[in-house]
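Encoded as structure tokens, here's the structure I'll be asking about.
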Amino acid sequence: MEKALPQLSVLDDDHFHDECGVIGVFGHPEAANLAYLGLYALQHRGQESAGIIAADDGKLRSHRGMGRVADIFGSKELSELPGTQAIGHVRYSTAGGSVLQNTQPVFINYRYGSFAVGHNGNLVNALELRHRLEQDGAIFHTDMDTEVIVHLLARVPGKDAGERLGAALQQVSGAYSLVCLTETRLIGVRDPMGFRPLVLGRLIDSGGFVLASETCALDLMGAEFVRDVAPGEMIIISASGIESRQALPETARRMCIFEYLYFARPDSVLDGIHVYSARKRIGHVLARLHPRDADIVVPVPDSGVAAAMGYAEASGIPFELGLIRNHYVGRTFIQPAQRGRDFGVRVKLNAQPEILKGKRVVLVDDSIVRGTTSAKIVHLVRAAGAREIHFLSSSPPTTGPCYYGIDTPDRAQLIAAQHSIDEICKMIGADSLGYLTVDALYEAVGKRELGFCDACFSGDYPIPVPTPGKGHQLHLLKELR
Amino acid sequence: MEKALPQLSVLDDDHFHDECGVIGVFGHPEAANLAYLGLYALQHRGQESAGIIAADDGKLRSHRGMGRVADIFGSKELSELPGTQAIGHVRYSTAGGSVLQNTQPVFINYRYGSFAVGHNGNLVNALELRHRLEQDGAIFHTDMDTEVIVHLLARVPGKDAGERLGAALQQVSGAYSLVCLTETRLIGVRDPMGFRPLVLGRLIDSGGFVLASETCALDLMGAEFVRDVAPGEMIIISASGIESRQALPETARRMCIFEYLYFARPDSVLDGIHVYSARKRIGHVLARLHPRDADIVVPVPDSGVAAAMGYAEASGIPFELGLIRNHYVGRTFIQPAQRGRDFGVRVKLNAQPEILKGKRVVLVDDSIVRGTTSAKIVHLVRAAGAREIHFLSSSPPTTGPCYYGIDTPDRAQLIAAQHSIDEICKMIGADSLGYLTVDALYEAVGKRELGFCDACFSGDYPIPVPTPGKGHQLHLLKELR
Amino acid sequence: MEKALPQLSVLDDDHFHDECGVIGVFGHPEAANLAYLGLYALQHRGQESAGIIAADDGKLRSHRGMGRVADIFGSKELSELPGTQAIGHVRYSTAGGSVLQNTQPVFINYRYGSFAVGHNGNLVNALELRHRLEQDGAIFHTDMDTEVIVHLLARVPGKDAGERLGAALQQVSGAYSLVCLTETRLIGVRDPMGFRPLVLGRLIDSGGFVLASETCALDLMGAEFVRDVAPGEMIIISASGIESRQALPETARRMCIFEYLYFARPDSVLDGIHVYSARKRIGHVLARLHPRDADIVVPVPDSGVAAAMGYAEASGIPFELGLIRNHYVGRTFIQPAQRGRDFGVRVKLNAQPEILKGKRVVLVDDSIVRGTTSAKIVHLVRAAGAREIHFLSSSPPTTGPCYYGIDTPDRAQLIAAQHSIDEICKMIGADSLGYLTVDALYEAVGKRELGFCDACFSGDYPIPVPTPGKGHQLHLLKELR
Amino acid sequence: MEKALPQLSVLDDDHFHDECGVIGVFGHPEAANLAYLGLYALQHRGQESAGIIAADDGKLRSHRGMGRVADIFGSKELSELPGTQAIGHVRYSTAGGSVLQNTQPVFINYRYGSFAVGHNGNLVNALELRHRLEQDGAIFHTDMDTEVIVHLLARVPGKDAGERLGAALQQVSGAYSLVCLTETRLIGVRDPMGFRPLVLGRLIDSGGFVLASETCALDLMGAEFVRDVAPGEMIIISASGIESRQALPETARRMCIFEYLYFARPDSVLDGIHVYSARKRIGHVLARLHPRDADIVVPVPDSGVAAAMGYAEASGIPFELGLIRNHYVGRTFIQPAQRGRDFGVRVKLNAQPEILKGKRVVLVDDSIVRGTTSAKIVHLVRAAGAREIHFLSSSPPTTGPCYYGIDTPDRAQLIAAQHSIDEICKMIGADSLGYLTVDALYEAVGKRELGFCDACFSGDYPIPVPTPGKGHQLHLLKELR
């Protein structure tokens, strides 16, 4: 008989995780192929599932699957998605709710025809809306909060899809950047606070338009950046051109600051701020706040690289790749039965004694969430012979969970919510520990006046959440019923 | 009907390619799981197929598949490979011969029982041997040169598997690092010139032994480095312990120098030389040979990173990640029909205008093979606004193909075999171009006295090859017949 | 490149086709396994897809797939369907709408919990109801009329599932035998006219109950026959026992007469009439109505066997298997490009010249629908040397399509709706042709007073259909929108 | 965790089983498609696996798979087998050795090019030859005796494939009807005793030739019967026409008599004898040998039908289908944990009480092997109310296993080898039991002078077998080593 070997999720890497990336294309003979390119470039925003829906001659066609974009879409799948307009979606989610049924874009046929939507974000009042809709006879087929939007859409009045979508969104509260597709229109919307990014680009060859979560997708799609979609703005693209509506009343803008720290790709520019440069500036500020008498600056690759380079630049301490990352890891990993505590980290990172032995090391990582991985990394670096380890986090202490589209542990598991910096330093086994401050973060990122959400650091939640804890999130509905 | 969309192989990235990595484990209750870990760490040596064969209670069991280790092996597959000894293999090969039948390890039942072998290298006289064996009634089932070895093994005398294997290998000529498994023994052999690496390690917990192509596999397997297997040496590990035989007469050692430049993982130590450090020293030497008046040093990631860091260190010019690599690329890529010439590169690399605009750039890559990719990268960097581009290759000009286990284009396609450096500079569109020299390469790598094969740079082939060109390689047999 | 070979559907065999079979089990520790056995026995009622849903500890679990029961369910699938109650469904449908999405049982989560339903029949007002529900905000996920029932169910009041289901069914019109499953109940309902059969049985070992489309399923499930479910009756089985309600007002009973001619398995007893015996009696009557001076009576196997035996018995003419049937045919068949007109028949039937040569043959088939297959069979028998062919149909001329759950061609394609018997005889190439009459059919089947639907022969449709033709059937909705 | 449910092999139905069927096609533009048709018609000779190999322009292409012909071959698979010549094979084998590796036709590349062979039969000296070949360095890849033939072929001299094949076959002993394919030739051979059938046909449209195990395949392929291949004859078909050689010395002809009783399809004509007619004559003889005072004659379908019809005809007792067979059974069946002894039979057969109740029944089956199934059937008929059951076997008592290509149990399991007829009658629970005698069998089949093998009834084995029992059969090699 088969023994159950311990299977280790390599994705469970003690980071906050972005939950989605979205793409829209209008006005290109190979719209689905461009959407595929865009998803390829946004793969870092979700590796669990992906989907593309294309509209051709009044008919929408869909292909969705579990896994990565490159595994789900081949020549055959793309050729079965003809048409000049398409939307795409990549999704991350915790292991539990990871089923094909929950892939996006969501696609329905209803009284007005076909409608598809890809969603990046999280609705705060989804559970409440779902209960109300079910009382009214609605039948739900997934556990996704996004399905609430389409049920609302099927019940509101309005003279066109844009108007109906606007009416439906009046009832929802939370974070969302949406790309929507009907037989004839591509629609993009960003919630009134603009929690999640969404950019508009123009295709260089065809003159068509694209929507994308991040600018890094534009280059590969052959598009040039036009502008960020504004909070509360709805952009409707059809054969008659592009139209912008203020679909939802403007409130204070609250773009997620963590996008700059970890989620976004370094080569993206979000709301005018270049991510890689912001991360390097964070390194400069870290060097000022936490000067260390050290021999080398070593990043935890890949997310700590830019900040470590910035630290090295500002401090004059040499930058070295003391940890080598294996880029060939899959989603899960089978570990031997009797393996020790830092195995999960060793799969991805190997410490180089030739570089680390006898050295005083400044170790730069992007954040400390539960602290478990940080402790394993410190142990790894120590075992490779480092004499001193000065751990620096390029984000402030993470003291609160996110309710606006980021997968985070409960507060009880956030080490910085439960312990002092000194305690954390001891728990992870470092010789010293330094965090960025919220003010220093804004100094490095810049443009604080634009308005950002920093609730996970400050506890200042721009939209109140029904109850503390994670229980209100819709993907937990299954357990609740 | 399905249209055939252009499918782009992302692997076709204009590099020389290592063809294989091998692993052996003896004396551990979860031998197959350890072999899996070892292959995970050696995945950079071959991503086309992988296999593990384990021996338990006198019976060998095999699992092989196309793709990456993480996709081929799960909890179920590993639990069906019980036993305390195992061998594993990862394989790269050109698209044509890429079929399940050609995966390794090769596994036979013959008159002496079961025998399995994993092979890194290439036999120079395989075709000649195959013809002779076929005349003698042998029936071949694959296109792999490795199958010649097992047919010889089934025909030679000898009192044990080691002796028979030694007798079989007397007849072959070429490059091979082998791991072999019988019901009771693990055998490792390195050819008399030691073209391909092979190291011996000891498991920390069980006291068992492991064999691996590179030391980077040892850490993850929980093994410590014992020593490199010597050229011509056969190591036989059984219940009665470990035995070393000089299976083949020692000739001049000819370890492949290109392992240090590109193939090996930076954290490996091969024959006492740490790869990452060697690559940084190559950067130092490049800075001395090719000083440039520039603003930034930018690597072509990932293989150019260490040399670029070395160049920056030695020159004092700031190191910047002007090109961002997407690590989520699969094996192939579907490109739109009308896309331009640098699309294949854009899938993996994105140039950052924020970093490159108006700058004089030293661009460091590991090698220039056909020149096509280099031209695309230069174009990308130029389009992002770079004012000057000084291209530096951390290897000498590659003027000859390899016949000893590396997949290389024909001489006619090697740009440096056909053109002067000035011509190449113009062809790739750089403002200046600099190569490392062979002497400078040895200066940087060190220990030249050990003896290396540098035939691809120097034309000095340690084993004569039957005819010029690639036609003698066994994986072309299919076309010939 | 792949050439598209002509692919022949073996199922397109010019018969009327039953569309479904249903099973319900309550009160057995291996309920899903019993449902599987029941579906096995009902496989003749639908080979396109199958599904089982089981309830365990308040949770419903589902497995559905395309193909036959034996291919869809293995040890693994059944073990993942624990619980003491379950329903199952087999489905036939025309090639077009054959997709996984349209498999049954239909399964929803709604405000009252979980509900699953398997449906045999066809709703006459489904399209109208669907439009009304969509106007009211309902989102449909399939093309099946059955989905209308669950949307109604989610909107009607009622104090328990039975009451709500009854209220929902008040609004539908047409043919249905339903098996339904909630967390705690198994419900069976038959429409007020009782078009489709449904029987109740009792498990011999556990004392639990089963529902099945035909009695032939009872034996294999280990159940004994209790009684037929009455038209309009709802049977609710729960932990507190079995309850019968007259859920819908009784109207004139209209059991489908064609079940006795072709659909049902010969060993089933429907509403007290043994199918095999009825078919033999039809043969007796045929012999009286159409005496022929012939040498042998040959059935078109398998459906013509019993009537041919009856004819031989009554006439004294020897019964011979002049046509041999290949039982190993799959769902489709790849025929060579240049093949002739009776190829589709030859795949299943082979004529024996050794039996037929020089003989005057009475050839008995169950019906003549389009006439195309009959012509091919006559040609086959003639080519094998038969001197005379007297074709007898054991059903009356089929002159109208069915709107109550049977897949039939349009009237325009029904040969007997367009041509006289003499014309048909000529068209199929027979020497003489005889049909059963409707009166003679009732004489043979017996119990005419019970009330049957014979609309396909008589044009007397018990429920008016919105428009003539097939367009009102819900599985054509896709084309309409 | 998954519980292991009892999985019942439906194939294990207590019959002797034919092990293979073969097809060859030469001179038709769609040769693979014709081979597919032929295999479809021969599916009764093996349902475990199937394969086709086609030759086109000097290249052989192969497709093989587990399961039935209709599941393995679709439009895509056939279109990838171009060429005007092809061979095909269907295979039955006991569950143990049922793996893809063991499918046929066997296909090799060797010094003379490509060679493929499909084999119906069993070599008596395969194990001995295999040991000798392994000593000589041969490496075997399967457990099939057929592989011995290709290893011999690779080692013998000869000026063409036919001559070499003849030389190889000189060394083997046993039963074989072979179809072989080279780049340019189709070869058919029947062993010197002609144990297994093989017929030659001519394609009506193209004028090409076909080979087939039985004539029933010819009709579907569009071929007319030419003649049976003679024992020891080799037929070589090439572009230059058809050639017949006496490849092996003629010895006494020993065609398997059991083909007429059970293996062959009723519509086949083997060596001039029509199978269906022979079976009916067996029924006539049975009626003379075993007259019974009974009400009805009931066959065990499908194999007992013709003999039962013959019995009814000769005795005047009415023929009735008291047992109904479910033709939708798959290869395996999942039975509930607590089911009783005749479950395996009930899956396929259902007894009709309406026919059997109170009746004196003559029950006709083709044979009694272990007796277990017969007992279950008797129990089933008794439980349906039969008053008396007179069991008649249309074959003589099976007292010895077959070593010439039929899968049979060991002698110890053959009920007739261990017990008297009276004992058997009691063991199966019948009221009386009658067997055919060997002489009566020849009387019914006719042409005894042709020479038949009846070893399983008479113990007269035409080729001596190394040791008693089944141990010498090659598919048991795995256990032996």
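Going by the order they are written in, the chains are A, B, C and D; count residues from 1 in each one.
Heads up, the rule we're going with is that a residue touches a chain if its C-beta (ideal position, glycine included) is under 8 Å from a C-beta of that chain, and two chains touch if they have at least 3 such contacts.
Fair warning: this is a prediction, and the values are worked out from it, not measured in the lab.
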> Along the shortest chain of touching chains, how many steps lie between chain B and chain C?
Replying inline: 2
> For chain A, which other chain has the most distant CA centre?
Replying inline: D
> Where are there more C-beta contacts: B-D or A-B?
Replying inline: A-B
> Which integer distance in Å separates the CA centroid of chain A from that of chain D?
Replying inline: 62
>> Centroid from C-alpha atoms only, then distance chain B to chain D, rounded to Å. What do you get?
In response: 52
> Counting in whole Å, what is the centre-to-centre distance of chain A and chain B, each centre being its mean C-alpha position?
Replying inline: 35
> Mind pulling the chain A residues that touch 2 or more other chains?
Replying inline: none
> Which chains touch which?
Replying inline: A-B, A-C, B-D, C-D
> Once bound in the complex, which stretches of chain C touch chain D?
Replying inline: 2-5, 7, 30, 33-34, 36-37, 40-41, 43-44, 47, 68-71, 73-76, 78-80, 205, 216, 219-220, 222, 265-267, 269, 274, 276-277, 302, 305-306, 309, 313, 318-319, 321, 324, 326-339, 346-347, 350-352, 354-355
> In the complex formed with chain B, which residues of chain D make contact?
Replying inline: 108-111, 113, 131, 134-141, 150-151, 154-155, 481
